[in-house]
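In what follows, a structure is listed as structure tokens, so that the remarks can point back to it.
Labels run A, B, C, D and E following the written order; every chain starts at residue 1.
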Amino acid sequence: MNSRTEHAPIIHMDNIEKHFGNVIALAGVSFDVSPGECHCLLGDNGAGKSTFIKTMSGVHKPTKGSIMFEGREMHFDSPRDSMEAGIATVYQDLAMIPLMSVTRNFFMGREPTKGSGPFKRFDTETANAITMEQMKKMGINLRAPDQAVGTLSGGERQTVAIARAVYFGAKVLILDEPTSALGVRQTSNVLATIDRVRKDGIGVVFITHNVRHAMAVGDRFTVLNRGKTLGTAQRGQITPDELQDLMAGGQELAQLEGSLGGTV
Amino acid sequence: MNSRTEHAPIIHMDNIEKHFGNVIALAGVSFDVSPGECHCLLGDNGAGKSTFIKTMSGVHKPTKGSIMFEGREMHFDSPRDSMEAGIATVYQDLAMIPLMSVTRNFFMGREPTKGSGPFKRFDTETANAITMEQMKKMGINLRAPDQAVGTLSGGERQTVAIARAVYFGAKVLILDEPTSALGVRQTSNVLATIDRVRKDGIGVVFITHNVRHAMAVGDRFTVLNRGKTLGTAQRGQITPDELQDLMAGGQELAQLEGSLGGTV
Amino acid sequence: ADIIVVSHGQASDPFWSVVKNGVEKAAADTGANVEYRAPETFDMVAMSQLIDAAVNQEPDGIVVSVPDADALGPSIERAVAAGIPVISMNSGGAAAKSFGALLHVGQEEFDAGRAAGEKMAELGGTSAICINHEVGNVSLDERCAGFAEGFGGTVEVLPTTNDPAEIESKVQASLDSNPDVDTVIALGASLAGEPAVAAVAALGRTGEVNVGSFDLSANFLQAVADGNATFAIDQQQYLQGYLPVVFLALHADYGLIPGGNVPSGPNLITADKAAQVVELSAEGIR
Amino acid sequence: MAADSTATTQTDERIKQESLFTRLMKRPELGAIAGVILVTVFFLFTADPAMFSLAGFMNFMSPAAQLGILAIGAALLMVGGEFDLSLGSMVAFAGLFFGACVVTFGIPLLFAIPLTLLFAALVGNLNGQIVLRTGLPSFIVTLAFLFILRGLSLVGLKWATDGSTQLRGVREAVEGDWLAPIFSGEAFPGLFVMLAEAGLIDTFKNGTPKVQGIPVEILWFVVIALIANYVLTRTPYGNWIFASGGDANAASNSGVPVRRVKLSLFMITACCAAMVAIITVLDSGSTDARRGFQKEFEAIIAAVIGGCLLTGGYGSALGAFFGAIIFGMVLIGLTYTDIDQDWYLVFLGGMLLIAVVFNNLIRKRVTGER
Amino acid sequence: MAADSTATTQTDERIKQESLFTRLMKRPELGAIAGVILVTVFFLFTADPAMFSLAGFMNFMSPAAQLGILAIGAALLMVGGEFDLSLGSMVAFAGLFFGACVVTFGIPLLFAIPLTLLFAALVGNLNGQIVLRTGLPSFIVTLAFLFILRGLSLVGLKWATDGSTQLRGVREAVEGDWLAPIFSGEAFPGLFVMLAEAGLIDTFKNGTPKVQGIPVEILWFVVIALIANYVLTRTPYGNWIFASGGDANAASNSGVPVRRVKLSLFMITACCAAMVAIITVLDSGSTDARRGFQKEFEAIIAAVIGGCLLTGGYGSALGAFFGAIIFGMVLIGLTYTDIDQDWYLVFLGGMLLIAVVFNNLIRKRVTGER
């Protein structure tokens, strides 16, 4: 695996705060990702992970704090801006339109075209073929590319979102609990995919609640708790059990674990 | 754990088929749950698990097949019917109204009242207190019970749905991937809860993609694949690795697993 | 004989329902097969399409009202070109004649307005409001314009919707904020005239403020008879429906047609005559 | 929605202190109050002072009340996720039914009023049944009923009057009926005479008070708004309405009897229309084929001004209450000003826009950002 | 939506065979065709045979075409998740602008037409800007413009004509302008004279053909429908429209420029209204303050009949095309029957209801169940 001192970070978030009305979701979080690194963002439910990566990808405007992208300070006004800068995101809610077909969702906002001038049109055949192929790579055999996303199963839908982000991923790939609804085979595929894109020099931000998934691909681990950073650790500096304790907010899990037999 | 021969099954689904237009989602699945048993329903993405439990809880009408509840044939016309029969369900999409508060979602359809006659009204205080308490039991400290569900984090939202089903659960509790978005601590709580309600004599149907979660609480394991039953096994008759292979549809996982280090 | 009547007023409009009753009476009297058609709002484009539809059915005669000669002209010319006799009624007589209509039965809205204005001026009015319950309906606009010309003093147009409660409130508001107003003219008796009478009464100024109205309604006539309102202007629109149909039926059967226009109004109904008309109005004849 | 605020006992470091003002402004109905204040201030500066005399107040409140009763029905239905475009035609149709009961058949009010409400509820039920059975959008189904009921009113009127479009004589028919004062005219006339004698309110030269009482529709309006607000925020049924409108699928999956809720809402809305019909027919003593024309539209406007979402699942009855008042004030208030009446529609539109933009701005400023 | 159907090479045991008929019926526009057929059959039995002569066909198609051009604009906007209630007022306002250009300022059509379209686009842009900046529902914002534009038309007309509400003399002003035949009157008159001489089409007694050509609005209607359909189903922009309407948040998160899409849709819709204004003003030679009254309503009806969802994200331009034809046929067709005008609205409503219920039934029967 790459060692992180090799490269300057591609994105660096400094002391980010985010308030919603009177709710303080983030109370100062710093974070960075380097090219070719998989940085896992971990933490309890409601810790602020999703809110944090949404400020990174331009959905939310930070209340305070700065975002440096490739060394320059950036103000993303919309997700389109961050996308153009080279950040691809799988949101926890997937950002899909249920009434639209799989293909149309896959290419939403970045449609392939053929023809030119006024006859430049959506290249349906190419789009369909790419969609089927990318989905197959992730272990899902779609019945037809024009099925509405709303009628897909939970895991199928999640796979579409991941395949899309990976296909268009440029410099940074952000994955918010990408494996939560996936089957065994699909999960393996996604983890393998993370491994592959990282080797291509892309920076990956990976959010998960599964310690084993995190340990399988992570180079660094940052744990959030109640809107604050609890700490960051390099791969090898921390055991799975320590990490699990951190993720649960440092609480005593021994008793529960005992009754259920080890790491969950 | 209870041995399943002790009781007659509380619900018995026989040879269920379900077609959506030209899509065959279920091609004949049989399944039963006994009181005090946790029956895990496993399978690949798109295997038909959610569709199956939705026919069980009255959301879908089966195209073919029969449903026996406590020995009598039942035709659930709506989820309300199945609920009244004593089935509580956590749907994969959670069935929550984003614009409504946590409390209102928690008690939706089964509001506690005070007063009588024309002055019978929603007992907000009781409802709020119960909601906060049940959420705390699951490991989530809500800021306020009147926060809109749409602004909760993914895991917080899932916890509300689970806490609701457990609170109202009567004879059968169906959980469709309840732990997918949960943190470590919350997952432990949910597994412990399953264990507890099972001991109270409630039949539990538990859908998950996580072999470790299934092995931790399951008494029986049924695996679906492409709309058909692949097989059923008793606890102790099957090893986690065998189960994992079955869940992935019996495909060869060795290679992937090798590169990522063991069970995912 | 088959005769089609195309007007610009909806069947639910109190004024036009009387026209339609006249049409029906004529149909019964002559034995002709008569259809009455109108667009559902004041819509000249739709009306020209209805005339086209009538022409396509090649009846023995067409009766039209002509509130917008430019818009309806081509359709009328098409009817004439097709050899269908056309009689205009209610409005637009001169223009219709130039398109080839045989004659006109009715009264120009502008002239009726002027007659009302002159009467109000004669009663001593100096400052008036004209309640327009369908702004942009050209025939109503003309009534107001004619009224202004005949009246001479200041005339303020009060635009309203079709809702009697709102009209009553607005008239009250208008009288309240402008105490000089001594004359109220309504462009329709049941929609605007009755609420206007109620508003004046609510302000305790019955008798001080003269209320007049176009067209008739039983309640308004009752108010005239009781002295709460001054007059109602009747254009005897029953005739505008009845006569053209009878003329066209006779034309179809025997080739007969009168040699000139028939003016059906205006006709001011004041306290002395009002009581006799109430019952007829309640039956939709006046 | 805003009903369940408890004091959480422990404090949480993840919550900022919030002022009372902010907390109040989060409620949808209070945004509408901001609109009312803005409109009032505007007219205080531009309109004739007569507008804010007691008589002027009653004068703009009474059309607002008639609209408001419809708007509250429309708001409940919109929160429940459906529309009723046949509302305005229902006013005419129920008015005809009521008028015919009273005049043609001479039924006393004690029976005529419940009969009319029952009849309206039946029509509402039919609307709802068609929407629910066919799964068509309520927009298109009730639109068909907009036409059908309007047409039937015309046909029925002609039948009931032998050819006229106006049915009259209601006032004579109900003369002396003890129920009439509850549904028409002014309430508390004695009180106002006393007030006038005490010199507390304006009188005409002859000593009778300028305002003889509170028009009953205003009282009905307030009562109905309070009941609707109570039902929506405090009862299980209210919770079901929000749930059905927010996501019918999720609500049904959680055990809310969505169909029954929606059906009952269609019936309630139709009854609101019938209520307005009864009040206006008794007040004016007659009914005609144009009654309630386009009121469905105005009712939806008032509900939206009051914070209802067109997509359902969000809104408040009190919001619709204030929305109707805003609309009524603007509608009548412009007559009190000096603006050229040709510009009337321009001002109406402009005022509406400013009122909603303003209340939206306040709400946004107060509750946070992207 | 239905554009992307490829033949998946391998077959899947989880898919049943599906007939061509079933596949066709799944498309929203084809449900509307079922409605057209039903309505046609109804009138074949009840209406004067003249309705289905060539002249009769042109006669019901030309209002359908005028409505349809608006309906297609409304449908695009609805698919994009917004409404434009100012559509009808925009017809009057653009008509006034165009009329004033031509009559008052004597500008030739070559400039007057683009100017009018540009002007309409500006107003549409303003609408859109307000909706997007304030975050208010487009329903309430465009409603304000419904009033404002209608009011401005009235004021403008009075100004342009010195006090009348009707501007006349357009026909004289454009006499001889080479662009006029493209936007008014009938196309291909020569062809129809030839056909008449050859005895292929009906003539009046005096020998002139009953139909002098295809009214240009019908041609425009067809062309605009085809273009809109192409854009919606075949271009990236079309995909963005569906996405923006389906879930603006999700679309924006996926990189769709939602604001730009919605803004452009508001402008397109306004241009459709201006187009109708130009055609009707040239055709009738005049314009008045009531032009386009309630057309916004009819346009939305036609779009909904054609399968558009009010909630956005679903619909088709061809559906709106057929929806407008259904509406136009019912509107004019009833005048070819013997029904009494009093019953007109009842039949209009009934026919609409039956047509949508029928096309819905067919679609449901064909595509599956709960």
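By our rule, a contact is a pair of C-beta atoms (placed from the backbone, for glycine too) under 8 Å apart; a residue touches a chain by one contact, two chains touch by 3 or more.
Everything numeric in this text was worked out from a predicted model, so none of it was measured.
Note on connectivity: the fewest steps through touching chains from subunit A to subunit E is 1. Seen from the C-alpha centroid of subunit E, the farthest chain centroid is that of B. Annotation: C-E is the more contact-rich of the chain pairs A-D and C-E, by number of C-beta pairs in contact. Between subunit A and subunit B the centroid-to-centroid distance comes to 27 Å (mean Cα coordinates, whole Å). Taking each chain's centre as the average of its CA atoms, subunit A and subunit C sit 72 Å apart.
Taking the mean of the C-alpha atoms as each chain's centre, subunit B and subunit D sit 44 Å apart. Subunit D and subunit E have centres, each the mean of its CA atoms, that are 33 Å apart. Those residues of subunit B in touch with two or more other chains are numbered 20, 23, 93, 143. The multi-chain contact residues of subunit C, meaning those touching 2 or more other chains, are 11, 135.
The set of subunit D residues that touch two or more partner chains comprises 14-15, 150, 154, 158, 342, 344-345. Working note: touching chain pairs come out as A-B, A-D, A-E, B-D, B-E, C-D, C-E, D-E.
Taken together, the subunit C residues at the contact with subunit E in this complex read 11, 20, 35-38, 40-46, 48-50, 52-54, 56-58, 68-71, 73, 81-83, 134-138, 141, 145. Residues of subunit D touching subunit E in their complex: 130, 134-137, 139-141, 143-152, 154-155, 158, 301, 304-305, 309-311, 342-350, 352-353, 356-357, 360-361, 364. Subunit D contributes residues 13-18, 22, 367-370 to its touches with subunit A in the complex.
The residues of subunit B lying in touch with subunit D in their complex are 57, 59, 78-80, 83, 89, 91, 93-101, 103-105, 107-111, 113, 120-122, 124-125, 127-129, 132, 141, 143-146, 164. Against subunit A, in their complex, subunit E makes its touches with residues 1-6, 8, 12, 14-15, 230, 234-236, 238-240, 242-243, 246-247, 249-257, 313-314.
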